[in-house]
Structures are given as C-alpha cells and as structure tokens.
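Each of the two complexes below includes subunit A, the first together with subunit B, the second together with subunit C.
== the complex of A and B ==
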C-alpha cells in the first residue's frame, strides 16, 4: 500500500524538477550556454521519468485496489476486469490530466531519442525547452487543481466501479488514440517555436517537424474515427457523429493541422507563407489545449463534459493566453526573417489550390468552433441559454466539405507554379466525365437528392484524378525502365513514399466521404412492435422476431430479442439486440445488434418490450456505412507509407 | 503555355489573393448568418405556457420517483424534469431512452409544450453521458 505514496511524491517532486529545468533552460537559451541547456535536457529526461513513475504507480494502485486514493475508489472496484483497470486511468477528470502528461512525457522521450545526435544543436534544446514548459503546465494542473492522488480519510471497502458504458473495447483504445493525436501536436509546435527562438528559420525545422505532425495527425484521425465507431456500436441511435462538443473539440485541431500539412509544403517548395505556417501550428497547439479545456472544465455543456471547475478552467485559460502571447510575440519578433521569397504566379497552380484548401479548412474549423462555443458566449452576453444543434453544423459544413473534397482531387494533379489550361483539361477531362457518368447512372437508379449526387460525383472525380495520376506516373517510369506495370508501380511508390502515401490518404478521405454521404442521405429507419414469430419489412429485407429471452451476467441482467434477417428469401443472419441492467449502478445499457455487409449495415436496437412478450424494435438500414471506417483504414495505410523510415 | 505568360508577373498573384480574401469572407458570412435560423432557446418551466407550440429545449434534473412506465421494457414514458428554478415540468417521450437516463440524472429535452394538457411532448431526450461523472464518493446522492 505504501508504495503508492512513491507515485504521489514523484508527481510532487517533478513539479520542482520541471520548474527548475524550465528556468535554467530559459537562461541557457538567452545566454547560449550549453551547460545550462544540458541541465535542461536532463531535467526533461528526469521529468518524463517521474511522470512515468507517477502514472505507472497510479495504475498499480488500481490493480492492488488501493481505495485510500479517491480516484481509485471512484472509478474502480474489486470485481473490475483487469483490462478495464488500465482504462479506468482515463475515465475521470484527474486521471485524464495525468494521462495527458504521460503521453507528453512519452513524446518528449521519443523526441530526445530520435534526435539525440543533435545534442550540440541549439534548436534541439529550444524545442526541448518548449516541451518541458508544457510539461510544467500540466504538472501545475495535477498538483494544484486536479490531483489524482487525493486521499480519503476513511477508505471504503470497495470502490464505485467503472461506468458500464466505458466497459467496451473501443473505450480502451479510443481515448488513448485521441490523446496520442492531440498531445502529439505539441512536438511540431515545439519545433516551430524552437525555430523562432533560435532564429533558424530555413527549411530544416519543417523537415524535422513534418514526421511528428503526420504521425500525430494520423493517430488523431484514427482516434476520431474510433470514437465514431464506439458511438455507432454503443449508443444505439444508428449514427456515428452528433456534433457533440467533445467530438468537435477533437475535430477542430485536426482541421487546422491538415491545413498546416498542406501550406507548409508551399513554404518548403516556394519559400512562401512563413508567418502563416507559424501561426497555423501555434493555432493547432492552442486548439488542442483549448479542446482539453472545453471538455475538461465544464465550460461548454455537453453530454460528456465534466463538472464545472473554475480553478482548473482559470489555469487553462491563463496558459492559453500566455502561450498565445508567447507564440505570436515570437512571430512578431522574427517578422523580418519570415518574409516570403516568391510570389504566387498563377491561379492554375498548386500553391493557389493549397491556399483555397487552407481557406476551406480554416473556414470549417471556425464554423465548428463557432457553433460549439456560441451557446457559451450567448449565455455570457445575454444571460439566457440556447442550443446549437446538428442542423447548424450540417447546413454550414456540407458546402465546405464538398469544396474540400473537390480540392482533394485537384491538388495532387495540378503543377506547382503554373499549369496551362490545356494541361488541366487533359488531366481533368476523364475524371469529370467519370463523375458525370456516375451521377447520370445514380440519377437513373433513383438517387435524386442533390447533395448526395454532388457528393458522390465529387468522390468519383477525386478517385478518378488520383487513379489517373498513379497510371500516368507509372507509365512514365515504364517508358524509361521498361518494367512491366506492377513492378513499376511498386518501385515508383517506394521511391517517392511521401507523395504517393499522400495520394493514398486522399483516396481514403474520398472513401470515408462516400460512406458519410450515402449513410447520411439514405439511412432508412423504422420502428415496430413484434411478438414472437411476427415479421416486418424494411426496404427489401424481411425481419422475423424469434423471441425474447432473459438472462444473467455476473454483474447484470439482460433481456434479449433474437431476430432473423432475410434478404428476399435468403437468410443473411441472426441478430441479438440486448438491453442490460447493471446491478451496482442500476444503469441500463443497450447492446445493438448488427449485421455488417459491404453495401449496407443492418442495425437493430431493442427499445423496449411489452408484458405480452413483444419486442419494440428500432431497425436501421445504413447504406455504405462501413466505408466510413474502410476509408480510415486506407488513410492509415497511406500514412504508414508516408512515414516508412529510410531514404525516400 | 504561350498566351498565359503575356500578363505582367505580379498581377495574377494579386488576383489570387483577392479571390482568397473574397472566399474567406464568403465562408465567414455563411457561418455567421447560419447561426440565426438554427439555434433553439433553453427555457424554464415558468416560460413554457407562453411558448406553446414553439420548438424549445428544457434542461434539468430527472425527478426522483417521477418516471412513470409500465415495466422496464416500456418505450412510452412520462417523467418530471426539475428545471434550474426548481420547478417541475411533466415530460412525455416515446422512443429509445439514452442509457444514462435515470432518476436524478441531468437531462435535456427538445420539443413543444402542450399548454392545454400541461405536458411537454419531447421528440428528443438527452441524458448526460456518465463517462466523466464525479459520482459516488465525491458527491453522495442527495435530495
């Protein structure tokens, strides 16, 4: 038991280590003193190690049921399965702040390990300084405002247990993924600030921070998608995205990071937009902190948010303000060195397309942020509360997403500096015709929602552009190497992994878009009360209720409807839709029944039942919904290609 | 390529920036102008009779002992929602209940008020996701 005090002391002591290290590091950067900077580097290593200890020991406390720690008593119990004891670490406010710090410590250590040969370089230390300063901030949070090691005077014999909604495999993966993506944005931010502090503003910092950005960006994308999957599987309303503030908080920095990844290429190629890129990466980092603040401080009413904590909120706001002043102060200070080296030469250039992509992405980020924060501001100004629902977000974001989607196809195909209209016509004619043909066929097939047609047409256009680009480049290689098609394609991709990885990521985005468009425009939903043996029809499917059964789990009772689904006369599977009642918390829990096929998902929720044994079912047919996550897998594959180590 | 190059080199750049500024303005306008028609007010129980047949939201706490239903499988429920001014509204709702919905939970409903029947017909019921609840030891159940 007393071992858990070591974790607490590590966390308290680390506060001093990080504070001293930051201070000495600042002096070292000011005086360009390597001894001070070496002290700072060691402080960062020690600080990270102490964070590992504090986190590891809190996890240990969960495993040994140390209920004298309030956090453990609140989120665990003696009978909690081992896997979920780890997940309990991020189930609550205090633990999730410590977990943020833990992920940052992992990144800090990884940064120092990857770039260890640059120890003589002042940019390495300037980046480390920013990482240590951010650690210091979260150490203030966990030590002062949101302490996971708070003790109880009289420890209870058993803990409260983990909420059953969180006892799901996706909950064990999704929050760490989101955090890994979120916190990862600290490293490129630190790299950029390091460049500003040291005045080394050539392309070197971009090369260094790009890998970190792509990595975090990808993990964040996967995290967001897994969150959607969890909502789809667990919440039982047939959808996967509800524009909840917590979802939005993770999506906004992803949008600005996407903008950064593109506009930084313009800087690399053409020496333009230097101030803009510095601002974008700072904004992305600030938005991750703001997102954490929004969801953790209770300032925005959300179905997920924590209870209101004014002290915590105050510290967060102060940190956001300080960081903004620091980052934008540095940009102003280095302004003379951030002048553009070239100008835009033509509308028909990749630079121009990327600029429009930035406008759309920033517009989206602003729209989502505005819609999320509007109720809070409204209440502050007018004193009455309002709600901004999905209607606003859909109305505003659909045209922007559509524009973005089209740019996803144009961007990779258009040349830097200047394209000729003839060249463009050659590149875009076939995809445009393909899109027109697809729209025509869909129209003939009865798809008549304008949004869906425009969206699917754009998806076909994007995939067509990308496919042609692959074919053209492979053909060009074949002409010089005389290889056959496939080996030429593979070697081509191996030779320029970043480029083709990027194209694959674009294809993944298009596939996800297709899934979103189809499932949101053409979802069919029907409710029915069915006794045993009764059947209902939905679309071309027939559904027969076989019966209701009751049963017991160790910690819950359940009622289950068994349903057979037929496509015409062919039995395509049996679905169990369940309602569980957890005894300890009296918490009901819906287990949705799902048959997932390539072209549709069959999704059944047991809404209730009657005394006569009839089940009240909500049945959804979601076309192409699994393509949402298929696109995510394609995106991940593209990112792996981008990040594959070795010479490209 | 020929005819495109005929212009002076600086002009196209300016024109591109002009269009970018214009499109940014358009996006900004789209966002800000859309908020007006899509927001819903939160109201208290006292204001409801004047707002009958208008779509509004009410937020509050589900009253203890206030959920009427015929057994756990019933989909049509009536319950009392205690608003921030501690006044209770009777809510009628049919459909899938969120798992977090229970007595004492924070909930929000969206729908219209029937002044004659003195009941709020909710078409949407949200209950606070309990993932981050400061439940239990920190906050013993009161009331």
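== the complex of A and C ==
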C-alpha cells in the first residue's frame, strides 16, 4: 500500500475532526463551557496537523512520481527539476485549494501558539472557533468539490509536466507569499468575530487584530510585488501589471485591509468608527474568499484561472452568503456596544483625512472589483461577452490613485481633532513648493504628460511632507535631550516604532508610485530584425547583435540571442534573451534579457528568428522601473519596524 | 466652503483624468485591443506573447498606415473578431455604467462621510450650547462638597 494513501485518509478524517470540533465549540461558546472549548481547541490543533500531513504527503507524491494520483500526473513529469516539484503543488485547482487550507492551518497553529497564555479567555476560544469553521469550509472543498487525491484507474508512465511559466524561481516564492497574505486576513476576521460573539469589544481585540492584519497586509504587498517582478521577468511584454483578474483578486482585499489599518487607528485614538472597522475587516475577509471564488470557479476568464466548476462556485457562493449574514448579523446584534465615544470635530483633522482615505480606498476596491466582474454582468444583461483590459482599469483608477497619493502625504502630518490654517500652512507650504518646483523643472526638461507631472508632483509632495515630519520630530527631541541629529532620529523611531514605521511605509508607497508613473509614461519600445554583427539604436543606446545559439535543458530546448549594449560608446553589458520550448507542454516560453540600472532598465525579448539566422528582437528602455521594487523593499522595512516587538 | 473645496478637488481630478484618457490618441492603438487568438488566451494584446499576437499588431499597423482613424480600426476589428476584442467596455448603453459607477461611488461615499460628520458636529455644538452652571451654582456645590467632606 502506497504511503500516499495516508495523506488521503488524513484529509478525509480531518473533515470529521473539524466538523465535530466546530459543533462542540459552538456549544461551548453558547453554554460558556470550558471543557467544550478545550475540546474545540484540541480539534483545531489536530485538524491543522492532519492538513500538514495531507499536504506534505501530496508533495512527497510529486517527488516519487506517483502518477496514480491524477493531480500529480496532470502537473508533474519525470524530467521536471526537483526544485519545481514543490511549485507543482499550487499549479492546479485542487492543489491550490489544499495549499489555501495548509496556509490557514499554519495560521491557526501560529495563533494558538502565540496567544497560548490566553487559554482561559473566552475571546481566544471564540477566535479559534471561527478559524476552525473556515478550516472546515476548505475541508469540504477539498473532500467534495476539488479533491487533490483523486486516483486514476490506469496510471500513465509519465505526467503532463508543469506549465513553463511556473518554472521560474520567483514562482516558488510569489504564490506562497500571496497565499500567506491572502489567507492571513482570516485571523483578524476571526479576532473581530470573536470579539462580537463574546461581547469583548474593548481595545484588546483591536491590538491583537491590528498586528495580524499588518503582518498579512505586508506579506500580501510583498507577494503582489513579487508577482509583478515575475511578470516583468517572464512574460516578456516590458511591464509588470496587466490587471488580470487574479492579480485584481489579490489587490482588492489589500486595498480594503489598507483602509482598515487606517480607520482602526481612529478607533484606538478616539473610540470612533467601531461598526465601520468591524464591517471593513469582514469585507476584507469576504473579498479574499470572493477572490478565490472568482479565480477558482471559472466565472471570470484569466491567464491564471482554472476551468469552470459550477459545484465549486456554488459552494463558495453559499459560504460567502452565510459568512456575510453571520458577520453583519453579529454587528447588528452588538450595535449598542459599538456606538462611537467621540465625534469628528473638524474636516481639517487626521480623522477626516483618514475617512476620505477610506472612501478612496474603497472606491478603488469597488472600481477594480466592478471592472473585473463587468464582463460577467454584461453577459448576464446583454447576452454577449465583452472584455475589460488594462486600458479601462488605467482610465478609471488613475485619478483615484492620485487622490490617494496626495492623502498619503497629508494624513501623517495633519493633527488629530483639529488643525488651524496656520498649522496647515506650516506643514504643507514647503512640500507644495517642492512639488511645484519639481513639476516646473520636469516641464522645462521635456516631461509634458499631464498625468506624469501630476503623479510626480504628488510623489514629491508626499516625500516632502514625510521628510519634514521626521526633521521636525527629531529637532523637538534634540531640544529636550540635547542629542545630535542621527542618534536623536534613531531613538525617536525606536520609541515610537509604529508611527515611524507607518511613515516609512508611506515613503515606500511614494517611491513605488514614482517607479510606476515613470515606467508607464515614458517607456520606449522598438522592434528590429538583426543578423549577426548588425546593430540598432534606441534612445541613447546602441545594440550589437552577436549571434543566435541553441542548447538543451533537462526538459526543454532553447534558442538564445546574444546582444552587446552600449551607452554612447561605453559597453554596459551583454544580454542573453531566450526562447524556450518545453517538451511536455510544447509551449514556447520567453526568458527576457535584462540590464538593470538605478535610472533605467534595458529589456530585450527574443520574439522569434528567421531561417537566415537573424533575431527578431523587442527592445524596451524602462525608466525608473526598479524603483517599483525598491519602494516595495522600503514598505517591507517600514512594516518590520511597525511589527518589531517592544520591551513590554 | 471647505466641503465645496474637497468636492471640487475630487471632481476636478476625476474629470481631468477621465477626459484625458478618453481623448488620448498617442498612436499606440495596440492597448485598445485584447488578443483575439483562437486559443482565447484572454490577455491584452500589448502584453500577449502568443504567436498570433504579432499578426494582429501588424494588422493594426497596416490599418494605421492605410490612413484609417482610431474609430474605424476599432470598428473593423469588432466586425472581424467580435466585441470581446476591445480592451474597454463600450462607452454607451449598459457599458457606460462601468465608467460612471466607480467615480459616482467615490463621490457618494465622500458625500455620506461629510453628511455624517456634519451631523456629528451639529450634535456636538448642541451639546456645547447647553446652559453651563453659573459661578454661583459652582460656589454652592463647592460649599456642599466641603461640608460633606468635613462631616466624614
């Protein structure tokens, strides 16, 4: 008997464990019975362990080429390099659902371990109950509608192989990061629901919830950024974001989680927006499930999505509906305890700016969701299908992103409760003048696209606001402690990590925005057919084609163009642009050639070749594109500072 | 007044960018289309790397070289490949909803926030306007308090 049967049985048995645990947990919460709640906690731990076993054994099946399992036969092959066998776990529908469950089980275990000293607290158990209920839902999915352990009557001698697009190192990191961020939103949702179930609506749940949200939000942001990097390196069109439904599905909950992270600060500081925050975190969780539904049910067409599965879609929709009724029902039930303690005193206050920031973020989330679903709505109403591509999303979201960018600068520098016109002038005059100067200089230098000017002006404004805030606060500390500037700055940030970590995150967003604006507005693209020794020019660069070579990988053949690049007369490097043909899938696949510099990327794609040995090249010069990922790194650094544990 | 500034600013921003996008004609027509390949890859033509994409891009370039306007090329492509070839919904009829609803939702959200905040402020002002205790009342209360403290 194969070891892989153990994985299958673990998955089946886990369904019973989670169902029983959820039922007993519900009784425990209803009767406030600690024995029942302890049973539920142990069920959650056992359920998670069984999920680890089921997932681990499926990975093992990939490594031992057990093609009796249909999923392994569909997404692996004997010649698939070992490093990519792990990536095959999330390459298809069934495995990706199991992987969702696996990440959730990791979170459930982590939550139980991190908060273990709260075992006597009913909120801890109520949170565990929600986590177990969500786990049960995904166990229903993998056992009933999307079974990764389905067996084949006659196993093939070899599998179909892995999609070549997934055979990239980033694919081993990007999907797990995305899942970790996406699934992580379950924990803050469970915390919030736990608070509503138990009526423990004090500041404790917010503190807990905020930390888990920042963690998941950061991981999701890094996952989205890595996805962009993978698309940039692998898809060969010179860009990194194509508004594909799966990209959108990960971005929408990130937007609502961002809104939550801002509005929850108002609740902490002023005791306001309690209902709003509960609704936002519920919405964020629902959007993660809806995003999974969108891409797993086949309701929208996407390069990443899987085949249409009505049963799976139906189960997802039922769960979304039930969860929405459960969450918003609890909010209505606890309405008297969720009333605000204070009111907004002025529109010139941080509370008001955060509220407008929430409106814009939710507007963006709505615009992206509506655009993604619009082909489905259109088909339902008009009977014909249309497409909604990057052109539409750029058109509708750019003004909202600009408004959001400006609020990113205003938010941290405006006072709580009320600001006077004098304070506003003091805070914003210099950044505004800086932005105006930057726009003037760019205009004089030939940058004349209104959107680019507005965007770069906004970035300078944001960075100016943040820089001034750092300088002002450090000087204030210097006055009281007599420290020199740098130690004062470091200690200031150490004393209030959350605040200054947040500012660094805002700076990261501004840097990323600068990269996006510059690279999307001023990308230069040329195509040419070059034989060995022939050259072409693009901007100030000169390319000399050296020749085409052929070679083999264990599971693919490749053709490679070798190109030397010169900036004026200085050789800045040699580029290898490849086209690969994978044997199993017979799909051509691009490996772009890249020279990355601080101010530009030189990006070459081998689009094809002629019988005479000439290469058909697509050449791009992408200004400031590496700043997109630099901003991501700054954002991650800010988040680490926020999450760094204090002495207390 | 401040309210008008906020709304004016948001409306202006939305108008500038939507208007700018709708009349943008930078010659890059490829971004107007999705890839209509028989495999139904579902990608935008400008990002598609399937083998047929180059043929469609060349077709657009040929139309442009032949002097056809943007609208004419779009019509020709829709005629040949169907309405899914366009990368944006038609800006008429039901398709118009896709363009109008997101900015309207933001404006409606902003209006709700402003209306709620104004209501809060009004109730706060009413609270502040409630009659305050007079100096004599306070003095009397202080005397009672002292008396009560000394009696303990």
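The rule is simple: the second predicted complex is superposed on the first by the 645 of 648 C-alpha atoms of A that agree within 3 Å, B and C clash if a C-alpha of one lies under 4 Å from a C-alpha of the other, contacts with A are read in each partner's own complex, and residues count from 1 in each chain.
Throughout what follows, a residue touches a chain if its C-beta (ideal position, glycine included) is under 8 Å from a C-beta of that chain, and two chains touch if they have at least 3 such contacts.
Source: prediction; values computed, not measured.
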item: When subunit B and subunit C are modelled together on subunit A, clash or fit; value: clash
item: First (subunit B), second (subunit C), both or neither touched by A:166; value: first
item: First (subunit B), second (subunit C), both or neither touched by A:343; value: both
item: Partner chain(s) touched by A:239 [first = subunit B, second = subunit C, both, neither]; value: second
item: Subunit B versus subunit C as contact partner of A:74, first or second or both or neither; value: first
item: Touch count on subunit A, higher of subunit B and subunit C; value: B
item: Touching partner for A:542 - first (subunit B), second (subunit C), both, neither; value: neither
item: A:12 touches, of subunit B and subunit C: first, second, both or neither?; value: neither
item: Partner chain in contact with A:398 - subunit B first, subunit C second, else both or neither; value: second
item: Which of subunit B and subunit C A:450 touches, first, second, both or neither; value: second
item: Partner chain(s) touched by A:371 [first = subunit B, second = subunit C, both, neither]; value: both
item: Contacts on subunit A seen with subunit B and repeated with subunit C across the two complexes; value: 235-237, 301-303, 343-348, 352, 355-356, 359-360, 362-363, 366-367, 370-371, 374, 378, 384-389, 391-392, 395-396, 399-400, 588, 590, 607-608
item: Residue numbers on subunit A that touch subunit B, as the complex places them; value: 70, 73-74, 91-93, 152, 156, 160, 163, 165-166, 171, 235-237, 301-307, 343-348, 352, 355-356, 359-360, 362-363, 366-367, 370-371, 374-375, 378, 384-389, 391-392, 395-396, 399-400, 418, 420-421, 527, 559, 579, 581, 586-590, 605, 607-611, 616, 618
item: Complex contact set, residues of subunit A against subunit C; value: 235-237, 239, 242-244, 301-303, 340, 343-348, 352, 355-356, 358-360, 362-363, 366-367, 370-371, 374, 378, 381-382, 384-392, 394-400, 402-403, 450-451, 454, 588, 590, 607-608
item: For the subunit B and subunit A complex, residues of the former touching the latter; value: 1, 4, 9-10, 12-13, 15-17, 19-20, 23-24, 27-28, 30-32, 34-35, 38-42, 57, 59, 70-75, 95-102, 108, 110, 126-138
item: Contacting residues of subunit C [partner subunit A, same complex]; value: 2-3, 6, 10, 13-14, 16-18, 20-22, 31-32, 34, 40-44, 46-49, 51, 54, 83-90, 94-95, 98-99, 101-103, 105-106, 109-110, 113-114, 117, 120-121, 123-124
